[in-house]
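Take a look at the structures below.
Both complexes below contain subunit A, partnered by subunit B and then by subunit C.
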Partner chain A sequence: MEIATLLSVGLSNGCLYGLVGLGLVLVYSSQGIPNFAHGELFMAGAFLAYTAIVLLGLPYFLSFLIAVVGIGLMGMLLEWLAIRPISLHRSLGRASSEVAIVLATVGLAIVLKGLARIPWGDSVRNLPTAFTTQTVTIGGVAIATQRLLIVAVTLVLTVAISVFFARAPLGKKMRATAQNPTGAKLIGIHTSNIYSATWALAAACGAIAGVLAAPLIFLHPDMGTRMLLKGFAAACLGGFGSVTGVLLGGVLMGVVEIFAGRYIATSMMDIFAPIIIILVLLFWPQGLFGARRAARV
Partner chain B sequence: MRTLLQNNLVWLFFAGTVALSFTTDAYSQYLMNLVLVYVVIGQGLNLILGFAGMFAFAHGAFMGIGAYVSALLTAKLGVSLLVAMPAAGVAAAIVGALIGFPALRVSGLYLAMVTLGFSEIVQWGIKHWKSVTGGPDGVSVPAPVLFGHRFYGDYPTFYIVVVVALAMTLLAQAIIRSKLGRAFVAIRDSEIAAQCSGIKVARTKVLAFAISAFYAGIGGSLFSLTQSYITPENFGFYQTTLHFCIVIVGGAASLAGPIIGSIILTWLPEVLRNAQALQEIGYGLMLILFVIFAPRGIAGFLIDKGILPRERFSLRRPSLPGRSRPAPQEG
Partner chain C sequence: MKTSVRLSLVASAALALTFAMAAPHARADDPGITPTSIKIGMIGSLTGPAAAWGWPTINGARMVYDAVNAQGGINGRKIELVVEDEQCAPPMALAAAKKLIHRDKVFMLHGGSCSGSILATRDEVLANEVPMMILVATMDKIVQEKPNDYIYRAFLPGSFDGKIIADFIATMPNVKRVVVVGHADEHAGARYGTLTEGLKKHGVELLGLETIETELTDATAQVLKIKDAKPDAVVLVGRPAASAVFLKDAHRLGLDVPMIGATVVDLQDLADRIGGTDALKNMYVVAVYKGPLGSEAMTPWQEMLKKYYPSDKVQASSFLGTSGALAVVEGLKKAGPDLTRAKFVEAMNGIQNLDGGPMACSLSFSAADHDGCRTGVMWGVRDGKIVVIGDRWKN
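Showing the complex of A and B:
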């Protein structure tokens, strides 16, 4: 019984890590950089939903939509303001412009954190859950409805994004740009627009994860940093390349973490992500699920 | 006259701090001590980031190791600072070398993640190894006793900090001008070309990590002296970001860069009224703006204007069309 409960918690946490990791993978595969500001997009999504639900009194799912679209637009804006000017510095050479972009994302991360701290830094806040019924009992195991929602949304989103990359013209253009930016330009793809779209999609994924996770963890400007590490760990396990890989990586991470936290020591929960990042990058740089390449994004 | 000034900028800076220390009140003296602490750490980060071109994201953790080793040795074992401070540097350097080995296997931006993960682990370790480190409560740092004299307060601490900072800056200058420094630059500009010229790339990279961590360790030890109390929170992601701002704003791959950066980024919080939110926004915006508009920092600008002397191994001016250096091979 306890194992089933732990499994449900681990699975839903894992889905969240997968969602955060997905946003990281999207930016990584298009621009080759780890986006250190992604945790703050997650945080911003949660706070935008909080503003809509609690402060403006809008219905939950409308607020969810506002948060996702709003943060998607914000991701696009951030790319335009801080990332694009650097990628235009051709003279820097590829390697140093990548370092510059990573530094810019670090800068974005702390700016966003500081901006959120002005109105919301004083205390922790709570976001209401999606449904008024808190738990349902399935086969004798009480499962929080919020966790079921997380798993459902993650599965739908993974399928949708896989289909998007396989079928949609924009998805195909994104894949082309990721594979070979010069080649993509030659066949008439506006790669700058593609980067904007990638950032919007990645930020929207982060916002979805943020709104879903907020009722389970508390809202605070620092909430994104820990999630960023967990998302990195999921993305590393997934080999930084495939949509299903990062989801599997996240789920593995969530399940192992919850069992280690329960049966070894609770403090292990916080240290698991960095250990996984180091071990995977050192010994399996392709990731555990990287070889499958279900959808190279 | 001008060249004479230009060639002795390091001495001028340190002479200036000593002269100023006669005019300061206790609080400005504390800030000046902090500037010198960050000069040491900035020089260390600059060696690895600016000169060797490696993305180490763990200097907050190295600094924490140094601070805790020195504070615990002096507080709990009663060891003299003359032993504890080098021990802090060596401890950080050993850990740095251990982190340097992964640098041989993962390149570029993966290294950023590995080192970030490592610094999380260090912070976690300090927080949870309660029997030794005191956990989240931190450790109180005793005033050091050297040659029978007790260095208590901001003014006496200044004399320790300024001597160490001067020594470490001169050491950095010596490293940059040595064969090793040229090997760092060669690896930064092209790893393959460096290997072809007979540089042992692996050994040099590990050495870069160890030296850089040594600087951060010594800096951490000095930092613990300026604070009467250290906690794990002092050495997190925020601290590492501050070090990056110091090097980038001041000017990477320049000896003057970390000095300029430390002055600006230590005084900036005072302008920003010590509010964490405003500090974060200020640091972040500076980092973004400098990375976009002035990747070589203030030192690079001053060098172009002829105010600072041209340094032999600083980053080349990025605006020469068609003469950018080729991207190093990935992998």
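Showing the complex of A and C:
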């Protein structure tokens, strides 16, 4: 019974880590940079849903959709306003351009957090759960309905994104751009638009995670910082180049984290993510599920 | 002639020395005072992990100063405030204190939402002989460590919190084994000493301390470990968000023993965060106010907050800094029109049984004891409503 309880919580926490990690992986695969503002997109999604549900009184699932689409557009806008001008700056070499973009994402994180404080201040707010029934009992284990929703949405999203990349023309263009931007340009793909679309998709993933997580962790302008670290750990563990890998990495991390907390020490739980990042980067830099890249020299 | 001049000089010097001896450290040119203003520097956690207490506690104190200014000020001087953010981080708190003391040249300080960070300002404040009223930081040694001629507090210190909880547990029937759940920070640490001592004194076994993070998102592991230990009660020394997560998970996982919370949390706030009082049926919290929000005793203060800060949410933390501002105003009034820091300190040390405003305690300070508030009582939930239980358990 206890194992089942721990598994249910570890699995849902892991799905959240995986969803946050997924947004990081999408941008990294496309542009080769970690997006340090992704935690703030997670936060912005949660606050947009809060506005729709609590302040405007809209139904939960409509608000969910508004938050995901809204933050997706915001991701696109951020790419257009802050990232694209740097990547197109001809005086910067490739390496300098990447460093400048990474720094720009750090700046974006600070700006978005600061902007969130203007209307929301520093009060901690509650986002209602999707269902009025808080828990259901399955096989004698009380599971929060919100956690079931998290697992279900993550599964659906994983399948949807995998199908999108395998079948959809835009998904194929994204893969082509990620694999070889110059080649993609040569065959007529407008890579700048592809980068915008990637940022939109990544931001939407962050928003989904934010809306799903908010009822469990409360809303606050700083709520994305900790989750970003967890997402990074999930992406490192699963591999920065793999969609299913990052989700599996997140789930593995969530489950191991809660079991370590229960059977070793609860104080271990929060230091687990940085430990994973260090160990994986040292011994499996490609991640557990990522493909080893060969470089021609 | 020469002798008489010399005698006059000696007499003048002696007279000056006598005055100087009579008023030690008195300076006619103390900073932050003009004929029309008194500059006070406020420090709070406006951002960072304790930001939830930042503006609410600052504004709860500011409204008192605003009300005083609206009535013409104190002895013709209006209170001018400069607010700095300490982000609940010691280096930031020290930087804020230095800026206020040396650059803004304030008359006194009123601040401190985080014990650990405001402790870092202590030496700077004492070295510069700047009077300071602690806002809501509860660590004992900020005020109680000697020497301390300048730092005051009008809020229940952490050690008293621990003692009140231990004494209350001793009156609860069939409670002999207790687990403590809390953070590993100075704020919680201020309570553990007297709590442990008190439990031991009353013959209550402390089964262990379970750590929770301030940004806790799930407490399943902690709750299951506590259930294994089979305690008769749980003491919760957690910040509001983490406590809400813990209580939610405890309720979901069937940990239904009595829980006793420190002043760090408030029952109404917990009910708002959790979404009802179901998970709080067996919860008791040390409260510092005269009554729950909305009660007759709290109404004037709630109205004052609405008047001066209409966009602020009226919440439990809103009035934690109010008693400190009331004590500062009383000290400034008693110090008289020829205000100096020395006169203010002397006036503060003479305050006895001042009404703590929204606080349940009355405020008394002396030269030897700058902790002015020492009273807190337990509140609990009965039939879905928050009620005052008192200092002993009752059904």
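Criterion: the second predicted complex is superposed on the first by the 290 of 297 C-alpha atoms of A that agree within 3 Å, B and C clash if a C-alpha of one lies under 4 Å from a C-alpha of the other, contacts with A are read in each partner's own complex, and residues count from 1 in each chain.
Heads up, the rule we're going with is that a contact is a pair of C-beta atoms (placed from the backbone, for glycine too) under 8 Å apart; a residue touches a chain by one contact, two chains touch by 3 or more.
Predicted model, so just to flag it, every value in this text is computed and none were measured.
J.: If we overlay the two complexes on their shared chain A, which of subunit B and subunit C does A:R117 touch? Say first, second, both or neither.
T.: Both: A:R117 reaches subunit B and subunit C.
J.: Examine A:D270 and indicate which partner it touches, taking first as subunit B and second as subunit C; both and neither are also allowed.
T.: It touches subunit B and subunit C both.
J.: In the overlay, answer first, second, both or neither for which of subunit B and subunit C A:I278 touches.
T.: first
J.: One more residue to check, A:T5. First (subunit B), second (subunit C), both or neither?
T.: Touch status of A:T5: second partner only.
J.: Of the two partners subunit B and subunit C, indicate the one touching more residues belonging to subunit A.
T.: B
J.: Can you give me the overlap between the subunit B contact set and the subunit C contact set on subunit A?
T.: Shared contact residues on subunit A (touching subunit B in one complex, subunit C in the other): 117, 121, 267, 270.
J.: Okay, in this complex, where on subunit A does subunit B touch?
T.: 32-34, 82, 85-86, 89-96, 98-100, 102-104, 106-115, 117-118, 121, 225, 229, 232, 236, 267, 270-271, 273-275, 277-278, 281-282, 285
J.: Any idea which subunit B residues touch subunit A in the complex?
T.: Touching subunit A from subunit B are residues 53, 55, 102, 105-106, 108-110, 112-114, 116-118, 120-121, 124, 128, 237-238, 241, 244, 248, 276-288, 291-292, 295, 318-321, 324-328.
J.: Where on subunit A is subunit C touching in the complex?
T.: 2, 5-6, 9, 13, 117, 121-124, 126, 128, 134-135, 142, 144, 213, 216-218, 220, 222, 226, 258, 261-262, 266-267, 269-270
J.: Which of the residues in subunit C end up touching subunit A in this complex?
T.: The contact residues of subunit C facing subunit A are 46-49, 51-52, 54-56, 184, 210-213, 215, 217-218, 220-222, 224-225, 240-241, 244-245, 252-254, 272-273, 275, 313, 315.
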